[in-house]
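You will see chain A twice below: alongside chain B first, and alongside chain C after that.
Then we have the complex of A and B:
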């Protein structure tokens, strides 16, 4: 009995800071968000009025919401498969018993160390209308293509940047997964006469399935929340012509430009639901695949 | 057979070298740019600087940039220390102490980690604002002083840590707190180093929280300052200053990366292993 009490007190001491922080800065905001999304809130005057589902109605009838939905979905659908594929291929190459692989790994890891803001500035300078890429393309083809001010291409610059900076992280994740695959599986399949490429699809990929699942899920969750790059690149506007308006940037604008915290909370809830739904679908598809494969 | 292997090797090396060069290229180009004069940048110019100029760097260090670097350093260091303490304590409690409500708290943490941070950003802003923390560095420190992912990592670490060591210490009459600080912490160094590095890097590179919480330029964190720098100098094509700022902001993390390389890379192994 005394032991039990001692445990409770000790548990309390050890858990208190973490539990307190989690409650004040995670649980309370979540609870508050559920409440806020049904209200019209004005922070400046301190008034709030219950308006039911009106915030959701306003969001759905806002063309900027649809622009954000289109941009963000395109972004996720393009970026996640490409970054996963490149990360997997590079990891497989690094794992193929080559010399200097620590050197390659170290060099390739640099973009992951760089903050999104520094990275965005570097890419803005590269893709600037007076920048290296634009000038080189003009020299090669004679056509002056603008990137950052062109609604059709602005988002693709952010996509390239995202792929560039997330590939190294996932590459390392894949690499450790590859190193965990028992070598006798490869030996067995090469006795059966399987080529390197066949081995990759019939041994490596099935063995890597749980890690692939992790990488795709983290990729989807991360890309749906894209904010920093779009904010810095467009100066917070989501321009040109809403081309870089993402979900999170839209939430930011609702909250701080339109001063509508209620609508911003409703939009955050929608984003949360979308991310959960996508994760659940991926879970279902990939787990099913794992069973069959 | 042998010959086929050799061609394959060459292809592998070529791809790896090309990808490494591709990785280095934007950084190299930015470093070169930072040593050009603004006039040279405006006129298009050559790949390498026609004349090496350090005016971008001197302007940078005469600006508020140094304040932002100091702000980021202080905030990131304090946040890291708090995280290491609190995450490790919580992880230890989850692994070792059988206290009332442990199961409930653990399930709660599992649930909370699933919720994307940006979804709660707006209500978090209101909480921070109600606590009167807007435009204080405490807003960043307090809202990021724990990290559930690392609580789980530490729990995993302590579950695998041999219990006998602690039992022997408890025979010698050490209290649980004494055991924790004298025996457990020193033995958990690798896990703590990993945690510290990634927390520090996370705060150093964070953009959204500073953007929401800090409003006056003398309080800015470095990432936010970079954005301000770019807004100030972009229109006059002073990319030398902007690139100097961007490159310098990577240096502290890069130095850590060079010296603590094994923690950066082996961490990921461990975090994947525990999933």
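Then we have the complex of A and C:
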């Protein structure tokens, strides 16, 4: 009994620094935001008036909220499956015994190490109306497409950029998972006459489920919070015609353009609920609880 | 191998976390400076927060501060914020951790003035009449209320690349002053240029075109709580002329149409014959493109009237400042006795007429058009609603440029969006 208590104290002491940091930098701000979302707050002077659920009503009636919802959801639905699939395929290729796989790994990891602001500027240069991509497409097809200023395509530039920069990170995560799969499973299945492709779907993927869950969850959370690329591409406006307005950019505009911290807090809460719901659904669908024991 | 991969994964995670932290560098700065603010209790010191627009300006600021410190014995703690300066200041006020003295852009001034967080400087500043009226008037909100003092300003003027013009068979004297004639000239000039050159560069943000509204007697953010882009249909002609120019190809946007970072870079690299820019491009043009032969003339007239945009930045003191008197004497020094030193070192324009005369700015062919515009330029500032109004305009005017909407529709859509947002506030 005494030993147990001693262990408890020891555990608490070990946890204290991290717990303290989490309370100060995560729990308290969340609680404060929770409090602020019921007020009309002037960020500068700090004056506030209680307005109940009005902030939520204002958000729901704002067409820009729906634009942000549409953009962000499209973004998540397109980016997460593609980045997960590409990362998995590339990891599987690197895990096979191709030559120079370390060289490939190093080269392919570079986009993840590049800061997203620099990456955005590079992509804006590639996709501008006189840029490499536009000119190449014109040479091949004769059609002149505009990317950055076209509301239908501006978001897709950000999508491509995000996939390009996050795939290497997830690829490395998958690769470490692949290398943990015992080789005897593959031997056994090949004795049973399974082809490489059947092995991939019936041995590799089931063994990778915990990793897959991690990658999809982090992908969803990361894509819902997309901010810097959209901010730089549109100069902070979310234009053209709200085509690059994402949730976090909308929150930023509420706080700093409209000077309305209450509504920005309410919107953060809504975003939190949305991310929470999505993660819960993924958890259910992928049965993460069972596989993680 | 396995271990290597895992550690690589770990490193990348740390790198990602670090990258995330960088995103809100402004807030990081705040926590860092927090401590400095706290240690500054012995009195007599002034905290100064400035926007670090360029190394030259930072050096100029440091040198002018040392002159002030020698003269008065008051110490100044300089803090340089690199990006999104005004947002960082808003966050500092929200955290009750405002610096004593800070830069205040005229654009954001109404929001700060109406929130009541600034110290009233009326009666504290020497020789106020010497400032160019438009530059200081934006910081007043009543008879005896003055909330900031201009430190410098920029105005737009027309830059002309003489080499390109000569190669095409023209000279600077051929350039008409009137806006419509200028566009006709640009159209004609475009035919004599190389394929990758543009006759004129344009920037589509409202900050560059506000004077065209004012010129037609319409202030889009003038009325409290209402946006108005459409009540004067004459404005539409002006914006239509930009769209026509863009479609005909003689007006190009440097970033979007040419893939060049800035108008100055496109102009310096001989890709554009004319651009309307502020005096902030001069140092880059002289240093990075020293072979370039260019001339500067005043901004075109619209409806026969002189117009330009003016960007005024001032020093403001926060109301909670514990070093109010020191802060005010610092501002008085920087905008008076030390103003010439600051203007000369930083290459900015002095907001005082007397110093502009002393520096013989009107004899400088490059600066004279900019200084002349200080009298008639529209200062980029209006009511408290301007940030919302301008964000809505920038969001929708692109649709008109794309041809998805007519100018009228785009202005209407921008007006509706801004008004809806103002109603919600």
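Note that in this section the second predicted complex is superposed on the first by the 262 of 293 C-alpha atoms of A that agree within 3 Å, B and C clash if a C-alpha of one lies under 4 Å from a C-alpha of the other, contacts with A are read in each partner's own complex, and residues count from 1 in each chain.
To be clear about the criterion, contacts are C-beta pairs under 8 Å (C-beta built on N, C-alpha and C of every residue); 3 or more make two chains touch, one makes a residue touch a chain.
The structure displayed is predicted, hence computed values, not measured ones.
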item	value
Overlay on chain A: chain C relative to chain B, clash or fit	clash
Contacts of A:286 with chain B and chain C, given as first, second, both or neither	neither
Broader residue contact with chain A after superposition on the shared chain, chain B or chain C	B
Touched partner set for A:211, first chain B, second chain C, both or neither	first
A:264 touches, of chain B and chain C: first, second, both or neither?	first
Which of chain B and chain C A:163 touches, first, second, both or neither	neither
Touching partner for A:22 - first (chain B), second (chain C), both, neither	first
Which of chain B and chain C A:98 touches, first, second, both or neither	first
Touching partner for A:116 - first (chain B), second (chain C), both, neither	both
Partner chain in contact with A:64 - chain B first, chain C second, else both or neither	second
First, second, both or neither for A:13, with chain B first and chain C second	first
Superposition clash, chain B against chain C - the stretch among 19-27, 91-99, 145-153 or 235-243 that is involved	235-243
Chain A positions touched by chain B in one structure and by chain C in the second	43, 105, 109, 113, 115-116, 124-125, 128, 130, 168-169, 172-173, 176, 179-180, 227-228, 235, 256, 261
Complex interface listing, chain A residues touching chain C	42-46, 58, 61-64, 105, 109, 112-113, 115-116, 124-125, 128-131, 146, 148-151, 168-169, 172-173, 175-176, 179-180, 227-228, 235-242, 253, 256-261, 263
For the chain A and chain B complex, residues of the former touching the latter	7-8, 10-15, 17-19, 21-22, 24-30, 32-33, 36, 43, 90, 93-94, 96, 98, 104-111, 113-118, 121-126, 128, 130, 132, 135, 164, 168-169, 172-173, 176-177, 179-180, 196, 210-211, 214, 221, 224-225, 227-228, 231-232, 235, 248, 251, 255-256, 261, 264-265, 268-269, 271-272, 275-276
Of all residues in chain B, those that touch chain A in their complex	8-9, 12-13, 15-16, 19-20, 23-24, 26-27, 29-30, 33, 42, 44, 82, 85-87, 89-90, 92-93, 97-102, 105, 108-109, 112, 114-127, 129, 142-143, 145-146, 148, 151, 176-177, 180, 201, 204-208, 211-212, 222-224, 226-227, 230-231, 234, 237, 239, 242-243, 245-247, 249-250, 253-254, 257, 261, 264-265, 268-269, 272-273, 275
Residues of chain C defined as touching chain A within the complex	1-2, 5-6, 8-9, 12-13, 15-16, 19, 22-23, 87, 90-91, 93-94, 96, 111-112, 115-117, 196, 205, 255-259, 387-388, 391, 394-396, 398-399, 401-402, 404, 417, 420-421, 424-425
